[in-house]
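So that you can tell them apart, the chains are marked A, B, C, D and E in the order they are listed, and the count of residues begins at 1 in each.
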Amino acid sequence: MDALLHITTLHYLVLGAALFLLGVIGVLTRRNVVIVLMSIELILNAVNLNLIAFSRMWGGLHGQIFAIFVITDAAAEAAVGLGILIAFFRNKETVNIDEVNLLKW
Amino acid sequence: MPDPTSLSPLDLDTPDKTFLDANELIINMGPQHPATHGVLRVILRLDGEKVLGLECVIGYLHRGVEKIGENRTYAMFNPYVDRMDYVAAVSNGLGYCEAVEKLLAIEAPPRAQHVRVILTELNRLTSHQLWLGTHALDIGAITPLFYTFRDREEILKIFEKYCGARLTTHAFRIGGLQYETYSGFEREVKNFLAFFRPKIDEYEELLTTNRIWLERTRGIGKISAEDCIALGVTGPVLRASGVKWDLRKAQPYANYKNFDFEIPIGENGDTYDRYIVRMAEMRQSVRIIEQAVDALPEGPIMAKVPKVIKPPVGEVYHSIEAPKGELGYFIVSDGSTQPYRVRVRPPSFVNLQALDTMCRGQLVADVIAVIGTLDIVLGEVDR
Amino acid sequence: MTPVATPFFFYLLAATMLIGGILVITCKNAVHSALALIVTLLAQANIYLMLYAPFVAGVQIILYAGGIMVLFLFVIMLVNIDRAMKERQFNSQWWVGIIAATALGGLFIAVYTKGKSIFPERIPSIAEGENTQRVATLLYGQYMFAFEIASLLLLVAIIGAVVMAKKRI
Amino acid sequence: MHDLIQYVQSYLDPNVKVTPGAAGNMFWAFVYIMLVFLGLSVAVIAMNWLERKILAHMQVRLGPMRVGPHGLLQPIADALKLLLKEDLIPAGADSFVFWFAPFIVVLAAFCVFVVVPFGPQHAITDMNIGILFMLGVSSLSVLGVVMAGWASNSHYPLIGALRSSAQMVSYEIAMGLAVISAILMTSLNATGTGTLSMIGIVEAQKAQGEWFIFKFFPLGLIAFFIFAVAMVAETNRAPFDLAEAESELTAGFHTEYSGFRWSLFFLGEYTAMIAVSSIAVTLWLGGWLRPFPNLLNSPTWDTLFSYVPGATFLFLAAICFYNVARMPKHPYFRIQTMGLGAFGAALALIGLILFIPVVSVRVQDIFWFTAKVAGFQYLYIWYRGTFPRYRFDQLMHLGWKVLLPLGLGVLILTAGVGLLQIKS
Amino acid sequence: MPEETKPPSQSSPPGEVKPATEKPAATPATPAAKPAAPAKPAAPAPTPWDSPMIAKLKRSYGSGIEPLTYLGQHYMIVDRSLIPEILQVLRNEEQFDYCVDITAVHYPQREKQFDVIWVLYSFPRNERIRVKTLTKDGESLPSSIPLWAAANWLEREVYDMFGIKFDGHPDLKRILLPEGWKGYPLRKDYGILQQDNEWVQINLGIESGQ
């Protein structure tokens, strides 16, 4: 009980791992591109959670800096990913990732 | 085919087209829409927000005025014409009465002519005020509406005192006027003019140099003089494109030739120029009314008109400069008490045709500005 | 501000995050997924606050919830989701995905149970009031180069997104 | 029990100079939350009445006159009407999202006030990322707008939602740049470190003896101007009310809403207006500081300025009494006259209470802050009465091609000038 | 040809029938008998119209056009077959650049049932004329859209109200009445209370519009 009530770094890590797994399942199983992209966001957030938990554990701030970089990266990823999605949708009128099976359109 | 909902090229119920469709988007505006000034339906073909073309669907207010005219006597039809362009009812009556008078080969006495000019020009003021208020409201400025309506009220009070009605006045009779002016008519009109002059400046203060107003109206809905003439567009829209043509000068009717006034014209034919032209027209109307009141002659107000109006067989086309453009009446008489055919040439109807030309390449929000600047009245378009 | 009632809030936020995450990957409607993701992100911002990382929490709210997710919602509304909703939601290799994820989860559990001992018991506390200043000092000092690269990345992403999404260039 | 009393009393001690949140005093934090909530609700009701009256007088009409003296009870009547109206959920709408969207807008608008400093100790709490929190939370209201527009399952709300979200996201950038240039100014002190805390920003202005709007003239003024334009766009108000352009999109994203849920949007909009005005006041207009802190800083002036709150209320009361005297003397108007008189008397009483030095010292910060925010609210109404509406592309043009470069320029110049000042 | 066309419009058979039946209803209060007398001597007749333009037109088209003046307004009755050419000439050579109106009049007793009238105006000359032709029911006329863009809706309205077709019109469909309406309301045989009840029942779901 005490292990549950006394929140340590491990708790955050487990939470991050669970989130990461959810993201992985989403990426591997969903067909809707938008939801796949959102699952990737979940994965990135799980990573961020770990980084910040470790940063707290060691008392440094490098983890937070990395989290900020990851967020920047996520923004770039979302912008480009959604751009591709729009271009794809305009040509094929679908958001189904299974139909992205050609190297051209 | 007979299903009215299938009129449009787009079936609005099926959401198969999205905003990202690579080709074009067709959206429907109206007939119930706050910015279409009545029951006008516009089907827009859009590329994003850009208008590729549009089609007007009209007729929602069709009452068969021309058919009614064939089944009423000449005098009985007179009130009906007020209901076409209901914001400029006096102009409509003037055109109809003059057309029948021409058919009867009689002429209203000078005093009646003067009063007609006064009332018609006052009516032009009300029409332009209503236009200004609603046009500004369409573009998002809510305040001018209240200013114009405040001042319009003063004119409507004069109408009400003169003939008992404010909007659909039925002010004129074939051959002259039904009523002598009430005592103090001249004084009240003069007072109104003194009151109204600074009000035009007030309107202009609100809008003419307002940056947002300039951005919203300059270069919007441009139409060249050639296009105007080809499309039969008349009135302030034509004048804003730089054609100095006003029926009051070109083919004077009533006794407009006795008055001194100018025809304001624009240069670019855009929405801003039309605004400027109409504002200048209000000032000119004030000038005309002033001259007419000063020179109001004494005398009878009714020409010798037979009790039953039976014009000789023949046909006549008579047109006047209504606030919206050329308002023509084509009347065919077969010698009986009823017109054989009354044709109204409504300015709004013909001007509305130009909407497509004016809106191509503009944005959706501009369509609303352009509909406002055309100053259409659906009662007149659909008759 | 010292976090109060830490276990309670931790479990509340963790539960919110996990339920949100599950909804993200199971919802039929992409808009609902996006909303669930927003809930997850906001809960995570609160967890950052508990971890004495207020600046990252603020960035998380502004950038993720206010920026990226609006972009997502925007795109979902632009593309037609009606058809996608009627279709099958999971691909035919879904069981492979589940197995892979389970394996990964097993790996995590193994690592955490083994490596539990290396985590220090006492967590050193840092002055929260100076968090922003210290992040700034690091970001514009030690990580200057990385910062510049990140800004370049964003520029490339902007141009790339515009080029991708534009109809006619 | 005694501990509890002490716990409550501890914060009443005049020596306490921190916010209840910072002091860790849950009781007073809760009281403050309730006070802010109540105050905001009253402010929104008052805004509603004032907007109608001021707009009406700008447009040569009277505005509400029937319900209560000079329509004073009109907002309450309207609120009742809205509460009693049927809460429609259109067929085909996504009912949960539709139901939930207004709450997000309201929540986002209200949450901002957690860090708004009404005085050096009059704030719910003081976060050291205060301004970041404010911008972040207020940007969440976009989500509510988008959800409302999408869930209505109708064309006009969807277009309205897309427009307003694009607009809000775009103007957030210009807004952020303007905010950063103000934050840069806070670092012009001995240690060279600035602050993101709302209270810290005002304290910096106090320490530098200058409101940031006048700092590095005209840089502060330009930054303030950018923020003032962007905040109008943020709140979807005229002349940037494209999302609600009734001539184009009927009512924008809340076209399908009715009754209680619609009134939540209304509440959210007005609260957001007050919230962004509070940010502007805090960053540039010296927050709770009284006017002219550096020029007229003798104790005489302090006392003189401490009389202003009471005098203002007395002035308002005098207007009420003047109107009582002008009321028609017909028996029909008796209740109206009495109501107006009672309202005036209440105002006068508040005014008199504010003259008591003990009260005045504690409350004048709040008064100055509120007065400045009220000035912004008047500006909002004034804009609505005078400006036509921008077109969407013009709006985007203004946001991206005018305000954004201007904001960047101001930021760079502020940094440069600040650097020179530190060096010299 | 013109001699044939004029009399029917002057004798106006429907006009004689109509007032006889509807006069009591139309003017019940006024004494109908007396004022009929003074109106008689004032009946002016159309006089021939002569101008350089008419002379030129006469030279090329001869008896195909009959120019007349009535009450100071000029008009010409043009043979149906000459219509395309005459309008072309008026537009391009005589500078009638503004098509004011296109309309029609129905004379059910005549063999050529319809008068179709173009009202034209010239900005350079400040002159207004009317061109009139006679056409049978079911016969179509050439569209004048290539000459005046304004003719588009005006021709549609004539089609809508009279059922006269215009060849070459790009979008000739009803304009004021709904698509699918039966009958042409401004024809004399279409009663004033008449309406397309079938259309009303199908599309509006009510028994009748009256």
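In the analysis below, a contact is a pair of C-beta atoms (placed from the backbone, for glycine too) under 8 Å apart; a residue touches a chain by one contact, two chains touch by 3 or more.
This is a predicted model, so every value here is computed, not measured.
Common neighbours of chain D and chain E, listed by label, are B. Summarising the inter-chain contacts, the pair of chains with the most C-beta pairs in contact is A-C.
Chain centres here are means of the Cα atoms, and by that rule the chain farthest away from chain A is E.
The most distant chain from chain C is E, comparing centres defined as mean Cα coordinates.
Between chain C and chain D the centroid-to-centroid distance comes to 31 Å (mean Cα coordinates, whole Å).
In terms of their C-alpha centroids, the spacing between chain A and chain E amounts to 75 Å.
For this pair, chain B with chain E, the centres built from the Cα atoms lie 24 Å apart. The multi-chain contact residues of chain B, meaning those touching 2 or more other chains, are 19-20, 22. Residue positions of chain C with contacts to 2 or more other chains are 55, 59, 67, 77-80, 131, 167. In chain A, the residues that reach two or more other chains under the touch definition are 86, 89-90.
By the touch criterion stated above, chain A contacts chain C in their complex at residues 4-15, 17-32, 34-35, 37-39, 41-42, 45, 48-49, 52-53, 55-59, 61-62, 64-65, 67-69, 71-80, 82-87, 89-90, 93-98. By the touch rule above, chain C contacts chain A in their complex via residues 6-7, 10, 14, 17-18, 21-22, 24-25, 27, 30, 33-34, 37, 40-41, 44, 47-48, 51-53, 55-56, 59-60, 63-64, 67-68, 71-72, 75-76, 78-81, 83-84, 87-91, 93-94, 96-98, 100-101, 104-105, 108, 112, 116, 119-121, 123-126, 131, 134-135, 138-139, 143, 146, 150, 153-154, 156-158, 160-165, 167. Those residues of chain E lying in contact with chain B across their complex are 9-10, 12, 14-16, 18-19, 22-23, 26-27, 30-32, 34-36, 38-39, 42-44, 46, 70-71, 73, 97-101, 103, 105-106, 117, 119, 123, 126, 128, 130, 148-150, 152-154, 157, 161, 174-180, 185-186, 190, 192, 199, 202-203. On chain C, the positions that touch chain D within their shared complex are 1-2, 29, 31-32, 35, 38, 54-55, 57-59, 61-62, 65-67, 69-70, 73-74, 77-78, 128-129, 131-133. Of all residues in chain B, those touching chain E in their complex are 1-4, 7, 58-59, 62, 64, 66-68, 70-73, 76, 102-105, 227, 229-233, 243, 245, 250-251, 306-308, 310-317, 319, 326, 328, 330, 332, 334-338, 340-341, 343, 345, 349-350, 352-353, 382-383.
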